[in-house]
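Both of the next two complexes hold chain A, though its partner changes from chain B to chain C.
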Partner chain A sequence: MSRKPAKGEYIETDTGNKVSRRSQIIGTTNIILGGKTVIQAEVIIRGDLLRTSSSVPDGGKQSNPVAVAIGRYCIFSRGCELRPPGKMYKGTFSHYPLKIADHVFIGPGSIIEAALVGSHVSIGANCVIGKFTIIKDYVRILGGTVVPPNIVIPSFSVVAGRPGRVVGEIAEGEVEGFDLRELYRSVGNNT
Partner chain B sequence: MANFTPYTYFQCPCADSVLPTRNISSDSPSAASGTSDQDERTFDPRAPRSNYSLYPLEHLLYCEDCHQIRCPRCVLDEIVTHYCPNCLFEVPNSIVKSEGTRCTRSCFQCPICIAPLSVSAVEPQPEGHGVADTAHVGQYVLNCAYCLWSSKDIGVYFDKPNAISAQLARIKNGGGQVITPRDRRKDREGRTREASMGPSLDDDGVQEDDGPKLDPNEVLDPEGQFSNLKSFYQSQIAEASPTSALGFTGGDYGYGSPGALSRIMGIYTGGTFADKKVKSKKANFREARDALEGLQIVDLASDADAIKKLQENRWQGTTSLEQRAEQLSEAPFVSDLRPLAYVLRTKRSKRCKTCRHILSKPESKVQTTRFRIRLVALNYIPAITIRPLQPLAPTQRSLLTPRKAVQFLLTFKNPLFENVKVSIATPAHTPGRFKSKVTVLCPQFEVGANTDAWEEALREGGKGAGGEKRRTKAEAHEGQNQAEAGQVWEQGRNWVSVVVEVIPPSIRMDAPDFVKTEEHKNDEGPLREDEDVVEIPAFVRVEWEADAAQDDDTGNLASMREKDGREKRELAYWCVLGLGRIARE
Partner chain C sequence: MSSKRHSTAPPPPKPPTQFSSTSSLIIADAASLIGTHLISLSSNTIIHPRTKLISTYAPITVGSNCILSERATIGLQSEPSEGLSQGVVIADYVVVEVGARVEAKSVGEGCIIEVNSKIGKGAVLGKHCKIGPMCVVAENEELADYTVVYGNGMQRVDRSGVEHLKFKMIARQVDVLRKLIPGNLPKFINRT
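== the complex of A and B ==
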């Protein structure tokens, strides 16, 4: 852990992504970043966990298969992990894509194996988001929550507990608070 | 305890602070000081009553007609849409009325851990013993992916992977068939027919499948018992009063009929209202005789069974209180548990209780998150954010040192498109047993107007230039580190920061008497929860001038503007500023 990397902590891409040099992004060709996304140190993104090739028609499209798709203004805090979910289907094990929309905050140390995380979602620290979870827009998941696999979390929910359950509603006035543009701007090499 | 985030709560005026709020801790002795407190209307954020009126700004709405803050207590909720939180299907009102407020499709929660259950096929038998064999038992089960409970555990299998709710309604734990209310009704009708005209053919002429023949000694489930009892008593009423006072047959009208109502009134008023006919007929009422009529005789053997079960399955075989509370009927053993159908959720609009205007109205579609109307207080009253002026030393873990002055920055951000004058008043000492000394260095100031959204967008194009400027300005100030009385610390386009100085008290319980406050001398009890948090009650008054036109919030401002009136507006409310936790010595 050398404290001061000479070039600064973040690499800024053309589309405005700020990616920490100390993050681990595996299988980059299978990851889509919408831009203006922050990836902090020790974040792991598993683009290598692809759908098993047998389920994709051979010699089909030329484009790369997508394992992780991320929208704009997402912030992945230190040490969180994004893993495409996997399961047995018709006798074979396969991974399925993990989709994350815009303005999604993921707290430090959380593990995400969802199928879909909607826009304006805030996930606290040290959460486990179970396989194939579908989280709709405007959802807050409090720190330490273990969200059970296959759950659908409707919009405007506050989720907590082990297993996670809906414990409250997002108030009308909280909607603006999910916007991550300002937080995105505050992250950078000179802070 | 490790980390304290400063907070601001706003008091909704519906709390009516004039009411004498009595502080539990300092009960009666200083009545004089109590009344003077009330004259000044000092607000104690720790009074038990305050719990119910303090909200973060985000939770408050604003009524444009009453010009007042509205909290969850002073709005009326109206259901716009019912929907299942799992399959996100909208449930029409008619279905909610007939089927109740649970999902009737395939959405279930685990009875053990409440995680969602998913339908999966029973694993195919390894080679040979065919599909037919498995199909015989039923091909699908509900599984919990969290605690690994399965409907196999209660012996419930399904024939098809959809419409689980309807299937489950017909399957008992263990696999037996539930006799549905429909079957019961059929059976009953059959019996009455037999009684009246002897065994006969179905009048439809169709070969009707009679369902299971009902056993008069059947052990009923609670639903079955209720349905049997209900129909039994309905038939009793029908028989007992062939015609009511109004002349129609009693059977169809049951308890709801005016005749029945007057009879019931008669019973309660000691017979003055009582219909004489009923009195004479009362003798005809009899009680249920068998299970078909809803009679269940307590079986002593069932107790013995329960004890045996308890001995066999031990503690693990019994259900917890939470698990039982979720069940629709008594479920002392794990084997009695049923999957829980998801309770529907609602989208609601909110009205002002005083003037009935709508304050918030979501789009009715389940999948959209937009609002048609959304009058949130955030857009009407200045938000207050708090941060320490000097960053606290990391070793202190953001605790406040007793008897050492500490300064905080209060930043007021104006959401209105008018300049506002803000004044803050705080008591010199916070209420309670441990009094912090509070000084607001600049209690009166003006905050600039907010700008249009598109102007802000332009500013954004400049890539956060405003943000940069602000930072350098703050840094320049940090060199001096000296806040001046009557001076605003820092300000921007639509925000102002002022300094508040606090001297936290010692929270030692064994302090010598002369340093203790009156309240503390009267109440030597141990430190209560969060009593070590410095909470400052602050009365905030916001004044501004608005176009008189603006309050008629119709679209056609042009016509309204002819009046060209400017009118003074004022809004005043109590806030609580939670600054920090006092370190223990």
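== the complex of A and C ==
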């Protein structure tokens, strides 16, 4: 590896985000990072796929349009992709914002086209999350799952399979394992 | 400080390209077209950033109103066997989603190839086929029109007759993407 030693792999922002230099983030102005989020190498975030359904923004606001909104302490592993979903509505095609809450872990190679991912959700490696899926809080999606489009996954579910189905529940005692603060600290230029 | 390091290897040669219309075709700047054979693309086709079209072993032909998403790899990845010299031929209104790998001999009109699926070398897809996420079509497999491949390699035939709606949706999607994705066509023009 002929990487320059002075510069580490991650760029750390003021709000504590650790973004890999080798991530592929498109449309940065339309992405909100809540802080303390890790974006590893080869992650693609499609911020350019904006809502286009109405040319006038909602309520005439002048703020930046949002394509991808991400909360705090989220970890996006190597090679995963976040892509706002798109559909036809009332005769026009539009993309809709992808919202991700706090403490969300996304495994390597997973492709997320969900509408909403709740807090403390853990998505394994090489999953495909279908368009407009809504994942509630405390959900674990095992590796290799293909979650079909437009479904709602209730809180405290374990989802697996092709197509993904709820295969179990998360017991109350297991909730501890979802806190990503430790993992966030372990990622960085020094390790 | 952006001190550009110059790589010692020369950049790979651009593949010869043929575009039927230069106004309505969008190729994102970060897309990669590599290889030595002809890549021909038709009008209203959208190529997302980070899409790979590889014409190292055989030519690639893509019809009009197609959407090729990021990380998708189109083109043969090994030496073509006999009868595959025309390479990969993709008809009109084909959507290739994220991460799909298409080495098919031909993909029929209105096919949807979903996330991370693989179409083997020499496969022939009929019209309006749908290949579900992470599904695999074997090498030299032939799928009849309207076949849906889903789950763990299961197949069924879908004749719900909504093709015109699908075409309309793809056309609208192309219109939207054309506004969203800045194209950089001149970078890829290489007439021979």
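Please note the rule applied: the second predicted complex is superposed on the first by the 178 of 191 C-alpha atoms of A that agree within 3 Å, B and C clash if a C-alpha of one lies under 4 Å from a C-alpha of the other, contacts with A are read in each partner's own complex, and residues count from 1 in each chain.
Assume a contact is a pair of C-beta atoms (placed from the backbone, for glycine too) under 8 Å apart; a residue touches a chain by one contact, two chains touch by 3 or more.
What you see is a predicted model, and the numbers here were worked out from it, not measured in a lab.
Trainee: Going by the contact rule set out at the top, does A:94 touch chain B (first), chain C (second), both, or neither?
Mentor: The second partner, chain C, only.
Trainee: After the superposition on A, what does A:138 contact: first (chain B), second (chain C), both or neither?
Mentor: In the superposed model, A:138 contacts chain B only, not chain C.
Trainee: Check the residue A:171 against both partner chains and state whether it touches chain B (first), chain C (second), both, or neither.
Mentor: first
Trainee: Touch test for A:26: chain B only (first), chain C only (second), both, or neither?
Mentor: In the superposition, A:26 touches chain C alone.
Trainee: Report for A:83: first if it touches chain B alone, second if chain C alone, otherwise both or neither.
Mentor: In the superposed model, A:83 contacts chain C only, not chain B.
Trainee: After superposition on the shared chain, which partner residues are touched by A:163: those of chain B (first), chain C (second), both, or neither?
Mentor: Both: A:163 reaches chain B and chain C.
Trainee: For A:130 in the superposed arrangement: first (chain B), second (chain C), both or neither?
Mentor: Both chain B and chain C are touched by A:130.
Trainee: Which positions of chain A sit in both the chain B and the chain C interface?
Mentor: 130, 163.
Trainee: Which chain C residues qualify as touching chain A in the complex?
Mentor: 30, 49-50, 70-71, 98-99, 115-116, 132-134, 150-152, 169, 172-173, 175-176, 179-181
Trainee: Could you please specify the touching residues of chain A with respect to chain C in the complex?
Mentor: Residue positions touching the partner: 24, 26, 44, 46, 48-50, 52, 81, 83, 86, 88, 92-95, 111, 113, 126, 128, 130, 144, 146, 162-163.
Trainee: Chain A touches which residues of chain B in the complex?
Mentor: 57-61, 83, 85-88, 113-116, 118, 144-147, 345, 350, 360, 366, 369, 371, 374, 376-378, 460, 463-464, 467
Trainee: Provide the residue numbers of chain A that touch chain B in the complex, in ascending order.
Mentor: Chain A reaches chain B through residues 130-131, 136-138, 148-157, 163, 165-166, 171-177, 181-182, 185-186.
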